Structure formats: C-alpha cells, structure tokens
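Please see the structure below; I have some questions.
Chain nomenclature is as follows: A, B, C and D, assigned in order of appearance, with residue numbering initiated at 1 for each chain independently.
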Amino acid sequence: MDLYEFQGKELFRRYGIPVSEGRLATSPAEAHEAAQELGGPVVVKAQVLTGGRGKAGGIKLAETPEDVEARASEILGMDIRGHTVRKVWIERASDIAREYYLSITFDRGAKRPLLMFTTHGGVDIEEVAASSPDELVRLHVDPLEGYHPWQGRRLVYDAGIADPVEQKQIAAIVERLYEAFVGCEAMLCEINPLIVTTEGEVRALDSKFTVDDNALYRHPELAEMRDVAAADPLEALAREKGVTYVKLDGEVGVLGNGAGLTMSTVDVVTFVGGRPANFCDLGGGGDAQGVVDALDVITRDPQVRSIFFNIFGGITRCDEVARGILQALGQMAIKLPIVVRLDGTNAEEGRRLLEEAAAANLHAEATMLDGARRAVELAAAA
Amino acid sequence: MAILVDTETRLVVQGLTGSEGRFHGLRNRAYGTHVVAGVTPGKGGQDVDGIPVFDTVDSAVSSTGANTSMIVVPAAFAADAIYEAVDAGVDTIVCITEGVPAHDMLRIHAYLHARGVIMVGPNCPGALSPGKANVGIIPAEIFREGSVGLVSRSGTLTYQIGHELTQLGLGSSTIVGIGGDPVVGSSFVEVLALFEGDTQTEQVVMVGEIGGDEEEKAAAFIEGEMSKPVVAYIAGFTAPPGKTMGHAGAIISGSAGTAQAKKDALEARGIRVGVTPTETAHLVAELIRA
Amino acid sequence: MDLYEFQGKELFRRYGIPVSEGRLATSPAEAHEAAQELGGPVVVKAQVLTGGRGKAGGIKLAETPEDVEARASEILGMDIRGHTVRKVWIERASDIAREYYLSITFDRGAKRPLLMFTTHGGVDIEEVAASSPDELVRLHVDPLEGYHPWQGRRLVYDAGIADPVEQKQIAAIVERLYEAFVGCEAMLCEINPLIVTTEGEVRALDSKFTVDDNALYRHPELAEMRDVAAADPLEALAREKGVTYVKLDGEVGVLGNGAGLTMSTVDVVTFVGGRPANFCDLGGGGDAQGVVDALDVITRDPQVRSIFFNIFGGITRCDEVARGILQALGQMAIKLPIVVRLDGTNAEEGRRLLEEAAAANLHAEATMLDGARRAVELAAAA
Amino acid sequence: MAILVDTETRLVVQGLTGSEGRFHGLRNRAYGTHVVAGVTPGKGGQDVDGIPVFDTVDSAVSSTGANTSMIVVPAAFAADAIYEAVDAGVDTIVCITEGVPAHDMLRIHAYLHARGVIMVGPNCPGALSPGKANVGIIPAEIFREGSVGLVSRSGTLTYQIGHELTQLGLGSSTIVGIGGDPVVGSSFVEVLALFEGDTQTEQVVMVGEIGGDEEEKAAAFIEGEMSKPVVAYIAGFTAPPGKTMGHAGAIISGSAGTAQAKKDALEARGIRVGVTPTETAHLVAELIRA
C-alpha cells in the first residue's frame, strides 16, 4: 500500500525525522485557513499516489493566504496521470541550500534492506544511477542483526558530506528511517529531496512510503491510512469483496484463479487479438460466493462484451466455481456470453454442473487458448 | 530420483487439524506421500484419519522420524511455524500459507540459509514428484511421471503448463511452485541447481512473471552453470505499468521487472521463451524430439 | 549486579508477569502499615542478596498487622549468610496449588540464552537437575533471531502441563520473561517458584534477577537499583573509586593489575603459607591516582599487616604505579611494609623511581613468588 | 608460522587517534607490525605519526589492504566498531576494549561465526607472535620467539607466565589473550585448534581461571583432538565462594566453575596443571627437555 506524502511525513515525524510544518486541506477555504495558521510563504502540494506532480503543475509556491486559496483551487480536482487530486498539503516553504536523496528499499534480489544515499537529490534517482553510479552510495542491512550506526556514517562519508554537523544530522535520519522501515514493515521509504536549509538544518521535503499489505494486520494505525476514495470504485468494491481486480481498457472480462494464470490469460486474450477489460483474480480459495462477487464487479463495467472464466483448480475446486457461476446467473440475470474453461480439482463435476444447467450464454471450452479465442469472438460479435 | 519430495519423504503437516490442512494432508497421503504426523498446539494425542497429531514439531519429529514439513496455518502463525520446524530438525519445508509479511520472510530467509534448510514457499502450491510424493496442493492427476522439471512462481499457471505438457504426452520429474511473494525460501536459481543435479530430470521449464529480477538471475545461472536445456514462459506481458516494481526497485536489479525485459534477458542467453503456455509446452516437446 | 526480590518483582510487573501485591518496609512500623494497606494474611520476606532465606527463618507468614509487625521486627536486623536484613517485603499470601520453576540463563558455553522450565518448583533446581534431569526442559534461544512463541509452547508441553489455560498463562510468562531478560540485559532471570494458585492463576512468587554490570550505562533505571548500603563499606568505597576490591579474612593486602594476575597472586600468597586480606584489582588502566585510591581502601582494613603490590605492566605502566605508591606514601603516611614487584611496560623506570625514593617500608622483589613470600614474612613479623 | 598475527598482518587500528589507540598502535608499529591505517569517524584525512586515518573501516581496507583490525574504542562504541570491521571484510579482529555488554557479545558472536571472521577479545590484551607482529597491548619485550603457544583468559597473568617462560629460556610462537568476559570471540578450543595446526608451535600453555566451563571443554578437546602436549594453569583457587557462577549456571555446564573443578577435569584427561605461574613454566620446560 502506497501512502500519500502527508501520511509518510506524519510517520517521519513520529520516528523523529525532521519535516516542515504543514496542514492538509481538501478545499480552497481549508487551504486558506491552513495558510493563515502557518503564516509566511508556503508550498501547496497535490496529494496523489503517483509521481510527476511537479511537472504536471501540482506543486505551487504561494505567499499569502489568498494566493494559497487560488493555487489550491487550481490544483484540487486536477488530473495527474489518471489520479484526481482531492487533497492538498500546505507546508511552510523552505530555504533550500542543497538537495540530497535517501532511501531504504526492500531488495528482493539480495533479500536484505538496501540503504541508498546520494548528494544528487531532487531529480529522478534512475538518472543519477545511470549518469553517476559511483555517487549513489548503496549499503545493505542484515535483517537479523539490524542497523548499526557505522552504516549511517558510511553513507555520509562515502557520499562526500564534509560538514560534521550535517554528517551527524543525516546519520541520525538514516537510523530513524531504518526504524520507520522496520517498524512500519515498509517495502520502500524514500526521501527525495532530503534538503539542507540555508540555516544548515537537514529535513525531509518529500516522502514516498510503501507498506507491506501482508503486514497491515499488525499495524491497524497504518491500515487506517488507506484512502478508499482514491481507488477506482470497481477496484475498491472488489477489494471489499476479497477479489483482486484491476481495470483495463478492453471488452473481454477476464477471470482466473491465481495471479500468474490470470496474468497469462490476459496475455493470451491479447495475443489472439482481443482487448482484456480487466484482470480479475479469484485468489487461492475461490468459493461460490467469491465467484458471484467477482462477476458482480466485472459486469458493472459497461465496456465488457464477453467474459472468459479460466480456472485451473488446486485449492480452488472447479465444482465450487461452477456453482458460483450458476448462482450468479440466477441472481444477477447476466446476459453477456460467458466462456468457461475448467481444469484441475473436481473439474469434471464442475463441467457436469454447467452442462446440466444448459444456460444459453454459457460456453464451455476445453483449453485456455480456445477459451480465449472464443471469448474474443463473442465480444466482437456482441 | 526427482527433487525435494520423493519416496523418502516423511511428512509432518503443521496445521493438519485445520480444514485446509486436513483436506490437503489426506489428499497428499491418498497420493502415496508418507504423511506421518500432524502438529496442532493443544491437539496432541488426537489423530486425523489415523495420522497422529502432536503439540510440537519436535515431538512429531522424534516420534515419527518426519524429515519434511508442510505448513498450512494462518499467516499470522506461519513465521513461528517455520522457525519451529527448522529447530525441530526437518530438512525440507513446504510453506503453503499465503500472506506472510515480507519483513518476516527477510529474517526467515537468513535464518534458513544459515542452517541449510530448504524451504519452498510461502504462498506456493508445493512440490510434486509424480509417482513418488505430493506435498502441497498441486492437483497431481494432471501430471504424469517423466523427465521434465518444472519450476514456477505461480500456482495455477504451473498447473496450466503441466497440463499442456501432459496433453503432449510429456511427464515431469518434479513440479515446484516456489511462490510469488517478494522473498521466498527457494528462488529459481536454487531449484534449477537441484534439477541440474537430478538424474531423472532431462530438461526444465521455468515459469516466471513480472516483478523482481529472479528470472534475469536464472538466465545467467542457466547459461553459466546448467548443462540441461531450459525453456521459459513469462506471464504479464500486457500487465499495466505501475503494477511492476517501483523506481528504486528497478535501480537495484538493473532491470525494469517487465515481462519483456525478462524475455529479452533470457533470449539473450539463448533460452527459448514461449509466448503462451501452449507454445511453451510445444517448445519442450521439440527439445525432446530433437 | 544482583537485584533484590522486590526489585526483580517490580521488573516482572513492568514486563507484564503476574506477581502478588506487596509493599516494602524498613521498620516494624512500616511493616504494620503495609499489612493494613494490603489486608488479610501476608508473607513477610527478608530482602537479602543471598539464598537460603527460608531455612534461616527469613520468611514468615502473618495474619494480622500486629502479627506482621512482630515478624518484621524478628526478621529486620537478622543475619543471613553474612548479610544483614535491612528491608522486608510484605506480600499478600497466596493459596498455592502447584509450584513450578522457570528461568532464563546466559549460557556462556552455548553463547545463547537458555530457557529452563520444570514442574518441580520450589526446591533447589540443582536437585531437580540431578534427580530428574528429563523433567527439566531446556531450550536455547538464538540471540540474533530472538524468541518465538513455539518455544514457550514447547516448554509447557514437554514439561507435561495439561491444562490449556495454564499452558497459555505460562507460555505468555516465558515470552515476557524473555523480553525482560533482553530488555534489562540480564545474566539471569529466575522464578522459583512459579506458582499456580488454587484459582488457577499463574504467578511469580519469587525473583532472582542479575543484570550485566557492563550494560548498566544504558539502563540508568536499573543502575539506580544498586543498594550501596548493602555492600561491604570497603567494597562500596572501592567501587566508588573504580577499583575492584573483595574483602577476605587474612593479613596480607594484595594488590594486582588484572583479575587473573590478582587472583593468581591471592592463590600464591596462600600457597606460600599466608592469608590474603583482600583481592584488589587496579584494573586495566591503573594511573597514579588509582593506586592511591586502592591503597586508601586496603589500608582501612585494620587486619592488614603487609601489602603486596604485584604489577605486570601492559596498558598499566609501571612508572605510573610507582608514582602512585610514592604519592600515597606522601599523603597517607602509611607505616605498613609494602612489597613491590614490577614487571612489563616501563618497569625499569618504575623500579628506579621507587629506589630513588628510598622509603624504609618499601621492599622491592624481582619475582611474584619471592614477593609473595616476603609479604607473608613481613605480615608474620609485624 | 605462528597464529592470528604475523608478517602478513596489515593492521587497521579503530580508535587510532585516541590516547590508548595512539600509544599502542605506535608501539605495535615500533615492534614491526604493519600498521597501515587508523579509523576515527570525522578524522579521515589526518594521520597519526604517518599512519593515515580514515573515516570508515571500508575506506581504510580498500585504500591500504588492511586484513586485521585492532579495536581500541570506548565500550559504548565497540559493538558498532566490530560490526563495521566485519562488513569491511577484515578476517581477524582483536578487540581490546573492556566493558562490552554481554548481550551485545551474544549477537556479535553469532554474527562473526556465520561470517567466518576470527575475533580475539573483547577485554583482552591481544595477540603477539614474537619476532613477527604484535597486535594489542602485550608488552612484547618480555617474550622471545620459540615453540610454546600461550593462550589465556587473563591479560597480566599471561605476561607473568610468559615472563616465567622467558626466564627459563623458552620462547613462544604466539601469545593469545582471549579475554575474560562471559562471551568472547574466540574461546580456548578455537585457539588450541589453531595451535594444533601451526607448524611453529610444539607445545601449548593454557591459562584459565574460575567461572564458566571453557577449561573443561578445552580438556575434552585436548584429549580428543590434539597431538601437541598442553600444560595448564588455573587462577582463583582461593577465590571466595559466591564469586563463581550462580546455581543455574552450574547446571548448564555441569561444572561448579571452581578452579579445583577445572584442575580435576584437566588432570582427569592427563593434562598437567601448575599450582603457581612459576611451577607451570617449569612443567613446560620439563616437557621440552623430555
């Protein structure tokens, strides 16, 4: 789960990482009020779960509360890479002397957390990695042993930070960021830029914070940070029902069990000339009710012209899936053609159930490839 | 010979008394796997259809000689179950449980590695050596015994490809679902190395997907260390961007983590990549005929 | 540093381990008051840093506040194995159904913490280890990985605890005791007995808690628990001055540098027929002031007849030691014969300084054995 | 050949700019040890009498090829210094610092062990191979080169026994003070194994003291694994009771931890134990003459 800048900064503050004072606003009037409370020049920052806010005009400097209100009304409602801005973060403007970059990543390959630090901050870190790889200092932390102070020192010395006061501040921030990374079970904690003010104070000016969905059950305070309103309404509905759903831009609704098979099904639908309308994974269990819920979500997308059920039973039992399809047909009066391909656990029983039901819009196919072709044909014909 | 599980496997099921544990434990036994014990704290002394249940893995191991554990417990208890299995002295663990936090897995991976215990999973379908043993939830009836090693990050996609192989009359030595989580006990390279050393396995199918750089690492390993031919399949070519790893992640691995990047990396090392599961199975068949 | 029962129980309480309610009293009147506050029958327990209180009559049951006052006045001032009782712990009496034993030890050999649990509690654990070794369940914890819940479960199941409610309580106490062990950097946390009341509640009825002296600098709240008054006054004075001093019962004051050499010197003094008055280790550094302080401590013991300085310089520099001796002689007008043997770093310079001073009571010896003999002779002659 | 430190040693001193670090670092160099670098955070770029100082151990190692670290920093910083040295890739660490908390050492020991790094100390005098290198605070002038390996839990007592040997005309291969803390990087058995494998060492003196059971373990190791003769000395025969390990400790080790118990354990394995340092040296001399 990705957090907004203001949420990440709130976590930074809790872990003792210096941030600028700020207020959240969801309307120009609130922005005005926030600016009055803060006083002096502020920055109005769009809160969206995507990058490139600056280039899109989602970050504006403002001097007076009136100015802030005007900027906020420009930014609120703006579309940034498909994300509608519903919140702005109003923050005291900083006098920036230098911009650095600091992050802790979950390094899947090395299976250890990775610290990265460079004095080339405020720009895309890929660019730094490509243009000045030697100036991007990288250091792994042993997950059993944890962080030790020498690691923060090594980052600052190797990056060439010369000022002792700055060294100490940064090393302390590295230690606290690691505490936040472990304490929140993050997959990524990134500060870009980590600024040095003209007064020599080091502060986090932005925040990218991603936490592990699987760990949220033991971090209720983080789980509450999820912004249900920000998600696609269908995706939110699916999540509520325990189904993984990603909206795509085509006509063939795809429903599989397991992320890999579902991804592969979306690929195959594309390769045979169709356009998938969604990625919808029933998940590991997949009982009849899950199938009903998934169909409910998929059929709410008006673009859908046909649906391809590609199920390979393991834990998922094909007879349960068949029962779910029949139940959904009974409850929801689905008219769309549904191509069903069942294999694996209890597949024969499942096929038998569907055959017996003899619904006009149910089309059984024996293979994944044939199922995909049939669903694409049916979508084109609809 | 097969890898990971075979006729020597003596299985203890952690979570045998739960509904999933019971269902798959008994199914594994029905297949012929020696399921010798179950563990559920507080249910020691009971049995599940004749399989004795113990309070601790240690007592299960010392009473029954179990050497392999299958873990089918809720996610919140999975880490504890893994540590208990390691300390009880089993040498192979198959963790089916889904939803184990990634930070737990970082620590577990380091712990396992230091102790030489092999774990498959979590969030995986397990390992099946057709005709010998099935540990996990793989539907064994779709596979037959043979010479193709199959390793996959995905569960159901593995069945799909195994099914395609079976349709072509090809059998498998062992089918291993390593799980799709960010950190798993055994990655592609580790399982490929086991297949390379296995006399029964003559060729390998590797089924990858978007994210991470394990396929890229596997490509280098296959080129450098493997004598047996490998065919690959990658899922997720049409996955929307933003569903792959973030920026910092891509920097680490030097890979975009996309299906295309993985396909390119594999093909650059001379490894053939099928575009659909069906084509992938045909590529294997070609290899065998050649 | 060993903690009193009441201090250990306070730590138990902080870590969530159930203990009985109690009050500390340093006088019979305070004991009376404590009993009134607590109400009902209580146990009056001598607080001393040694075992065998029960056998020595230091633990008494009492029904009424008057009774408590009487028992407290018997116990306060009592001598238990050389320790004067200055405090009593008044605690609500428990209805004991069963007595168990639980401890976490710092296992030097295995280099891991060791959990031990048995249902044979309330007796000397050595006896259980000798008579029923199979019923003493032992389990190590990996220091990098830490404690996991299965370990507590394994202890209770392997020890044969059958009642599920009791199992859960004990497993929870094991987990908290491990937290206390690590959190306080303990060398030993022992609960003997860990009782089960007639109502089925599991509670710590005693506490043995030893913390690592080397770690006290990061646990100021534990460092404050040190009972300076309980220590031998000379040992307390020595500690204050940074010198390790243990009072023995002889006439030859022994001063060495390093625990091993000092122990060996005490041994050698004994083997040549003398009786060491003390063990006094200057420690690693040993500057002139340290020597003055050590002499100050040693010479306060009226039993001392001669002093043997056995110094082998490493970090300690013999010239510094010599300067310290001369400084002490100047400041304190010591009349006792002092035998000095110097070797190692700057030994020649040290010997030269002592020779030049030509003090009548200073006797140089070339070897440790000869030094010990000379000191023993001089003590006998004094 | 000697053990641990020799002419191949390239030493970095962590804490070189402190007064102790400077004193002993320069003293070690004066003896002939290759002291190639110092480390003090914030003092990188300075030098101590020509020895370059670095901010990090990593930069010291990569700039100077240091393979051994001596740690002479305050106790509160010692653990961090040890971890830094391990991660910088040195293969031998000598930790002089006194007062390192025991729980830190539990973790450090596990960490070192997993990475194959040898550490002597903490709270130890270091290691001296006469005629080759001195790393630590052992006064080298009292030792001469020879065939006696010397290993001890005590600092000054080691000097005493070495001195006695020298008086008898006997020289040493290496003198190792392992430190007297509850958990040290290398215990008797590990150093005895090094001596057993060292061509220069022909006999060994082990200097123990009350507490723990390392001497008892060493006795078993000497009997079972060593071909070279060992003479022992134990300090603390007249130590008052209560200064030894507590009850639970004695149960663990199966030993009372007293000097007498250790002496008995050694003698039961045929290992001679001297009553005084002087007698101990004479026992060694007898061995050599025999």
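Simple rule for what comes next: a residue touches a chain if its C-beta (ideal position, glycine included) is under 8 Å from a C-beta of that chain, and two chains touch if they have at least 3 such contacts.
All values reported here derive from a predicted model rather than from experimental measurement.
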item	value
Most distant chain from chain D by Cα centroid	A
Selected pair, greater C-beta contact count between A-C and C-D	C-D
Interchain centroid distance [CA atoms averaged], chain C/chain D, Å	27
Euclidean distance of C-alpha centroids - chain B vs chain D, Å	47
Whole-Å gap between the CA centroids of chain A and chain C	56
Rounded Å distance, chain A centre to chain D centre (Cα mean)	54
Shared interface positions of chain C, touching two or more other chains	142, 144-145
Sites on chain B at which at least two other chains make contact	107, 111
Chain contact topology (line, ring, star, complete or other)	other
Pairs of chains in contact (touch as defined earlier), listed by label	A-B, A-C, A-D, B-C, C-D
Of chain A, residues touching chain B in the complex	50-51, 103, 105-114, 116, 124-126, 129, 136, 142-144, 182, 185, 187-188, 190, 208, 210, 212, 214-215, 217-218, 246, 248, 256-261, 263-264, 266-268, 270-271, 276, 279, 284, 311-316, 343-345, 367-369
Touch list for chain D against partner chain A, complex	41-42, 44, 55-59, 79-81, 83-84, 87, 107, 111
Chain D residues within the chain C interface of the complex	20, 24, 75-76, 98-104, 106-107, 109-111, 125, 137-139, 142, 152-160, 163, 180-183, 207, 209-210, 212-214, 217, 233, 235-240, 242-243, 245-253, 259, 275-278
Residues of chain A touching chain C in the complex	144-145
Parts of chain A lying in touch with chain D, wherever the complex brings them together	142, 145, 148-150, 153-154, 157-158, 164, 167
